[in-house]
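Pasting a structure below so you can have a look.
Note that the chains take the letters A, B, C, D, E and F in the order they are written out, and that residue 1 is the start of every chain.
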C-alpha cells in the first residue's frame, strides 16, 4: 500500500513525458491526457477515501526510513488537496481543447499540464523541506512553460516578471533551508517539528521561520508580495489562468498551513500575529485591486488575493476551528477559482471583449453561462449554503473567539467588496441591453461553460453536502493542531 | 572561516539584488545568477566546512557532511535549468518587445 | 627525497603561473598579454600538476592517468586557445599597442580588400 | 600504422593472459615486448615501423617543452622588468605545410615559442601571421621557426 | 630525516603555492574586470581557468585524494571549449560590437 | 412543515420548464396553488390554543448547523403573511405582467424569495436563519433587477444587494458571537441564556452586529436609501417585498431577539431613536414625493421606523403594538401598492401631478384605496385596523422609563417625534388618495385612457382591504388566535391581551386627535408648506452619500492600485525587499533573534581568503561593468570561484557540476545576448541609485546577521552520520553524495531532472512557436 502513495506524483510525471513525446499527434495526446486524468482521478479518490478511513500512509522513498530518506506523506490533508487538484485538472483538460489554439496544444500544453500536476501533488505530499523546494521548482517550471505558451509580447513580458519573482523566492527558500539545517541538522518535517520545539535559543529560529514564510508568501501572493500575480494570471490563456488560479497560489498557502502548524509553532505570538496583520492587508488590498479595473479577467485574478488572506487568517488565529476554516476555504477556493477562470474565459469569448465597459446583456444570449457565473460569484463571496460559507463561518468563529474584531470586520468587509466586484460583472456585463459583437457560436460557448458548471456543482456540494466533508476537515484540523500523529506516523521506525 | 564565507554569500546576495534592481534584462539575469550563487554558498557554509575528508568512502576517520552537498547539487542543476529558460525567455522578450529596458515593459494596458 | 622534487615542481610551477598573471597585468596590449598566458601560465600549471601527479604516485601509490591527460591537454590546447583569442581580437579590431613596429597582417588585409 | 598499434595491443593483452596478471604493469610489460617483436619483424611490415614516428613525436614534444621553458623564462623576465620596453609587431611567416592538421600544430607551437604568437592564417594558407613580443629582426625570427618546428612537424606527419 | 624534511617542506610548499596561485587569480580577476577589451577579459578568464587547475591539483595534494583529478581534466576541457566559444563570439560580435571601446 | 417551506423553492426549479406552455396559459396560473396551499397549511395552526411547534432536519450536525424550524406565534403570523400575501401577489401579477415577458424568471425569483422568507422567520438555527436571510437579499436583488435593461433597475438592484448583504454579514458576525457566548446555535437556546448574553463582554459587539443587520434590512435611517430605488421592481414585487416580507425581516429579527434584548438601556436608546428618526424622516420625505410608488416607499420606511421604535420601547404594550402593526401594515400597504400598480397599469403614469379625478374612471380601485389610506393615516374609525395600532403606539410612546440622563431626554421627546411623524403620515396619506382619485382629471395628458382594472386584478387588493376591515371590526378574533401568541413570543412571556377601540380619554387619544386635526389643516394648506418640504435636499443628499461611497470605492481602488501596481519590476522588487527587510528586522529585534556567541569554526587560511576576495571583487565588479560581455565573463569568474570553493571544501562532485553548469551558462549568456545593444549608461536618478544601494546593502546584511545567528545556533547534530555509516553498507556506493542523490534522496534527483525536462520543453516551445505564429 505504501508504494501506491507515490503514484499521484509519478503517474503525471510519466504522463507528462508521454504527452511531450507524442505532442505532434494532437488527437491522440488529447485523448490520452483525458483518459489518464480521469483514471488517475478515480484512483486518487479511492486512495483518499482509503486514507480517510484507515489513516495516514507514509511512503519512504527507496525504503529509507525517515528522516534519512524522503518521506512522501499521504495524510488526509495532502490527499484532500491532491484530489481537489486532480478534479480541477481534469476539468481543465476538457476545457483546454476548446479554448487553446492548436499551436499551443502541440507545443506541449499537455506535457506542462501533467508536469504541473505532478509538482503540485508532490508539494502537497512531501514530508521534506528540501524536497518541497524541488517540487516547487517542478511546478514552477511547468507554470513557466504554460505561461509562455501565448508567446506574445505581453505574455513574455509578464512571464519574465513572474519567473523573476519566483526565482528570487526560490533562492530565499534555499537560504532558509540552509539556516534551518544549520540550527536543527535536518530537513525532514517530522524531525524538524520535534527538534524545533527543543531548541534553546528560539529567536534565531523564529527569524528564520519568518524568512521561510516570505518564500511561501511570494508563491501564495500574500501582501505585500503579490505584485507579480494579477498580470501574470491575466495574460495567459484562460485554461492556464484557471490552473494557476486554482493551484499555484494554493501550494504556497498549503505550505504555510503545513509548516506553521507543524514546525514553527514555538513562538506564535510573533509569527502568527504577523500572519493576522498580513492577512488583513492581503484581504483589503486584494479587493481594492478587484474593484480597480474593468478587465473581467483581472477582476477574477485580483480576487485570488483576498481568498489567500482568508486562508492565512486561519493559520494566524491558530485554533482548531480556524485551521479547519483555512483548510475548508483552501479546498473551496481551488474549486471555485478554477470554475471562475473557466467561466470568465467563456465570457470573454462570448462577449468578444475583456472590457466590462463594452460589455452588456450577455445573459440574454447565454443564460446558462450567466446564471452559473452568478452562482459562482455567490459561492466566492461566501454566501450560504455554498462552500465558501462553511470556511467563512469557521474562520469568523476563530477570529471572534479570539476577539480579533478588526480582523473579522476586515474579513466581512472584504467579502462584501468581493461580492461587489463580482456583481459588477454580472450587473454591467451580463445584464443590460444585448450588446453588439457578441459571439453567436452557441455550441462553442456551451462547451466552454460545461467544465465551469461541473466545478460549480462541486462547490455547491461542498456547501450543501458539507456534512460529508466537514468531519474529515475537522479531523484534519485536529491532526494539524495536535502534531503528534503526523510526527509519529512519519518517524515510526526510529 | 565560515563567517567569512557567510559574508561572501551575503555579498553575493547584495550585489545580486543590486543588479536585480536595474533596468536592463541582462543585469537582472546576472542578478539572479549571483543570488543563486549566494544561496548555494549559504547551504555549503551553514553545514560547516572542512570538517573531514571529502564524502567519499576511504579510510578517513571523519567526513564532511554529505547531505548539504547533495542538496546543493540538486539546487545547482535546478538553477541551471531555470536560468537557461530565463535566458531564452529574456532573449524572446527582448526581440518581441524591441527593448531590453524593463522599465519600458510595464504593461499597464490590462488595467 | 621525492617530496623535495615535488616541492620544487610546485614552487617552480607556482612561480611561472604567478609570473604569467603578472605579465597579463603588466603587458601593454592583448597580444602581448597572450604571450604571457599561453606560455608562462601553461608551463606553470603543468609544473604544479606534475607535482601533484608525482605526489599521488609516490606518496599515495595512485597512478592518476587523468591528471596526466589533463597536463597534456593543457599543453595542447593552450596555444590553440591563444591563437583563437588573438585572431578574434585582431578581427574584432582590437588595437595593437603604440609601440608596435610592424603590422604585416594589416598591410596584407588592406591589399586584398582594395 | 593503425594496424601496427592494434597488433601491439593484442600482443600486450596476450602477455597479460599468459602471465595471468591483469594489471597495468603486466600490460605495460606486454606492450614493451610487443614493441620489441614489431621491431624485429619490421621488414615484414608494409609501411614504416610506427615506433619511428613515435620517436619523432617524442622528439617534437621535447623540442616543444624546451621551447616552452625557454619562452616562458623570456616572458617571466619581461614580466618582472621594472619598465617594459619591447617592440612588438606582426609579421608574415611563409609556410610549406599544407594540411589543416599541420598548420594547426604549427600555429600552436609558434604560439608557445619565445616571443611569438600566431594571429592569423592567410586565406591561401601560404602565410601565418605571427605576433612577436619583441621584433628586432623579422628575418631571423622566420628562420628560427622554420628550422625548429616546421621540420620537426614534417618528420612526424610525412 | 630527509623524508621528514621533505614532508614538512611539502606542506609548506603547498601552502605557499596555494597563496601564490590565489594571488595570481586575483591579478587575473583584476584584468577580467578592468578589460579594457573583451579579448583581454577572455585571456584573463582563460588564465583563471588554468590557475584553477593548478589550485585543484594543490588541493589534491592537500587532501591526498585522487578524486579531484576529474575536476582538473574537466576544467581543462571546459576551458578549451569555453575559450573557443568566447573567441568565436568575439569575432562575430564585431558586426554590432564595433563601438565597444 | 419542511415541505411547506421548500415547496416554493422546488417549484422555482421546475418553473423554467413550465414556460413552454406560456403561450397557452399564463405561468402564474400554473403555480398559484402552491403559496395558497402553504397558506392553508399554516392557517391550520391558528387558534387560541396554539402551542409552539418544532421541526428539525439535520444538515451539518458536525458544525451544529441544522434546518431546525420553530413555529411560534411570531413565526406563524409572518408565515401567514408571507404565504397569504404571496398568493395574492401571484394572482395580481397574472394581470399585471404581460405573458410575453420572461415570466419564468420572474416567478423563479419570487418563489426562491418566498422560501427564503419562510426560512428566515421559521429557522431556529442561527446559521439556517442566516442562510435564508442572505437568500432574501439575493432573490430580491434579482427581482428588483428583473427589468435589467433599465439602468435604474440595475442601479436599484445593486444598491439593495450591497446594503442588505452588508447587513447580512454584520448579522453573521453577531450570530457567531452569540453561538460563541452561549454554546448553542438554537435561537430558543439563546433566549434561555439571555442573562449570559447580556452580561457577556461581547454584548456590545453582539448588539451592534445584530442591529446593523436589522437596520439595513428594514430600511432604517440612514440605510433606508435602497428602498426607494427598489421600487424599480415590478409592482407585484414591491407590494410583496415592502408590505409584508423583505423589509419586515429586520423587524422580525429584532422581535425574535426581543426576549434577550428588550429592556437593555442601549437597545432602548438605539432602537427608539433610530426608529423614530426613521418614522419622521420617512414620512416627511413621503410628503415630498410625486411618484405614487415613491410615496408608498417612504411610507413603508416610516412605518418600519415606527415598528422598530416600538420594539425599542420594549414594554408590554409596545411589543404588542409592534406585532399588531406588522399585521396591519401588511394589509393596508399591500393593498395600496396593488392599487398604485393598477393606476399605473391602467393610466400609464404614476406621477401624482398628472393624476387626479380617477374616481370616475376607477371607482372600485378608489374605494379600496380609501380604506387603505385612511387606515394608514390612523384615522380614528372603528373599522380601520391602522388606528388601533397607531393608538397603541402613542400609548406606548408615553409609557417609557429612563435609566440614564440621555434616556430621560429621549423619553420626553419620543411622544413629540411620534406625533410629528404621524402628522406627516396623515398628510401624505391624504395627499396620496385625494390627489389621485379626486379633483380635476387630466385624462389627456396620461399615456393611456384610464378605465377600471379587470375584476380578478382587483381581487387581491380587495381581499387585503377586507383584511383591514375585518381586523378593525373584530380585533379580538385575530388577537386571541394569532396576535397574542405572536406578542407572547416577542415578549417572552404573557404579553398584552386586549385590543380596544375606545381606551377612554387617555393622552394617546388626544394625540390621535391632534394628528388628525393638524394633519388635515396642513394637508389642506399643503401648497403653502411646499417650501419647507423642499427646504432640505433630503433624499438626494443621502443617496449622494451612497453614490459617493460606491464611486469613491472604485476611484480610490483605482488610485491605490495604480499607485503601487506600476508594472515596473524594479518598483515591485523594491517593495518586496523593503517589506521583507522591515519585517525580518522587526522580528529579529522582537525575538532577540541575533546570536553572536561564536560557535566553533574552521580555521581561516590565506588562500581561501584570497579566493573569497577574488569572488567578492568580481561580484562587486558586476555592478560597475559597462560592457555586456565583460559582465557575463565577470559572472563567469564568480561561478568558477564557486567551483574553487567547492574543491576547497571537499565537495568534488559539486565542483564538477558547477564547472559544467557555469561554462554552459556563460555560453548561453553569450548566445542569447548576442544581439543586444550595449549596456548604456542608464539615466537613473541619484535617488533611485541610492535606494538601490541601501536596499541591497540592508538585505545583504540581514542575510548575514541571520546566517551568523543560525550558524551559532546549532542545537543538534546533523543527520549526516547515518549517511556516512550507511552509504556503502546499504547504498552500495563509496561516493556518499552520489549515494544520497540516487538512493536516499532519489526523488529529489528524479524531479530535478523533471525540471530540466520542463525547461527544455519550454525553451523549445518558445523558440518554435515563434516561427509558426510570428510576433503579435
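Quick notes on this one:
Operating definition for what follows: contacts are C-beta pairs under 8 Å (C-beta built on N, C-alpha and C of every residue); 3 or more make two chains touch, one makes a residue touch a chain.
Here the structure is a predicted model, which means the values were calculated and not measured.
Chains that count as touching both chain B and chain E, per the definition above, are F. Under the contact definition, chain A and chain C share no contacting chain.
Closest chain to the protein centre (all Cα atoms averaged), using per-chain Cα means: A. Chain centre most remote from that of chain B: F (centre = mean of CA atoms). Comparing chain pairs C-D and A-F by the number of C-beta pairs in contact, the larger count belongs to A-F.
Spacing of chain B relative to chain C, judged by their CA centroids, is 31 angstrom. Our note on geometry: chain A versus chain B, Cα centroid distance of 27 Å, whole angstroms. We define each chain's centre as the mean of its Cα atoms; on that basis chain B and chain D are separated by 43 Å.
Centroids built from CA atoms put chain E at 10 Å from chain C. Shared contact sites, meaning residues of chain F that touch two or more other chains, fall at 558, 561-562, 565, 567, 569, 573, 605, 648, 650, 652, 675, 677, 703, 707, 710-711, 718-720, 723, 744-745, 748, 752, 755, 758-759, 762, 766, 770, 775.
Counting partner chains per residue, chain E shows two or more touched chains at residues 21, 23, 25, 30, 38, 42, 63, 65, 67, 70, 86, 90, 93, 97, 100. Shown for chain C are the residues in touch with two or more other chains, namely 15, 20, 22, 34, 42, 44, 78, 80, 86-87, 91.
Contact annotation for chain pairs lists A-B, A-F, B-E, B-F, C-D, C-E, E-F, with touch applied as defined. For chain B in complex with chain F, the residues that touch the partner chain are 1-30, 33-34, 37-38, 40-42, 44-58, 63-67, 69-74, 76-85, 87-92, 94-96, 100, 102-103, 105-108, 111.
By the touch rule above, chain E contacts chain C in their complex via residues 2-3, 5-7, 9-10, 12-14, 16-17, 20-21, 23-25, 27-28, 30-31, 37-40, 42-44, 46-47, 50-51, 53-54, 57-58, 60-61, 64, 66, 69-70, 72-73, 76-77, 79-80, 83-84, 86-88, 90-91, 93-94, 97-98, 100-101.
Residues of chain F that touch chain A in their complex: 58-63, 65, 127, 130-131, 134-135, 138, 145, 148-149, 154, 157-158, 161-162, 165-166, 169-170, 172-173, 176-177, 179-180, 202, 205, 553-554, 556-558, 560-562, 564-565, 567, 569, 572-573, 575-576, 579-580, 583-584, 587-588, 590-595, 703, 706-707, 709-720, 722-723, 726, 743-748, 750-752, 754-755, 757-759, 761-762, 764-766, 768-770, 772-773, 775-776. Residue ranges on chain C touching chain D, taken from their complex, read 15-16, 19-20, 22-23, 26-29, 31-32, 34-36, 38-40, 42-44, 63, 75-76, 78-80, 82-83, 86-87, 90-91, 96-97, 99-106, 108, 112. Considering their complex, residues 130, 133-134, 137, 140-141, 144, 148, 151-154, 156-160, 163-164, 167-168, 170-172, 174-175, 177-179, 181-182, 187, 230-231, 234-235, 292-293, 295, 297-298 of chain A touch chain B.
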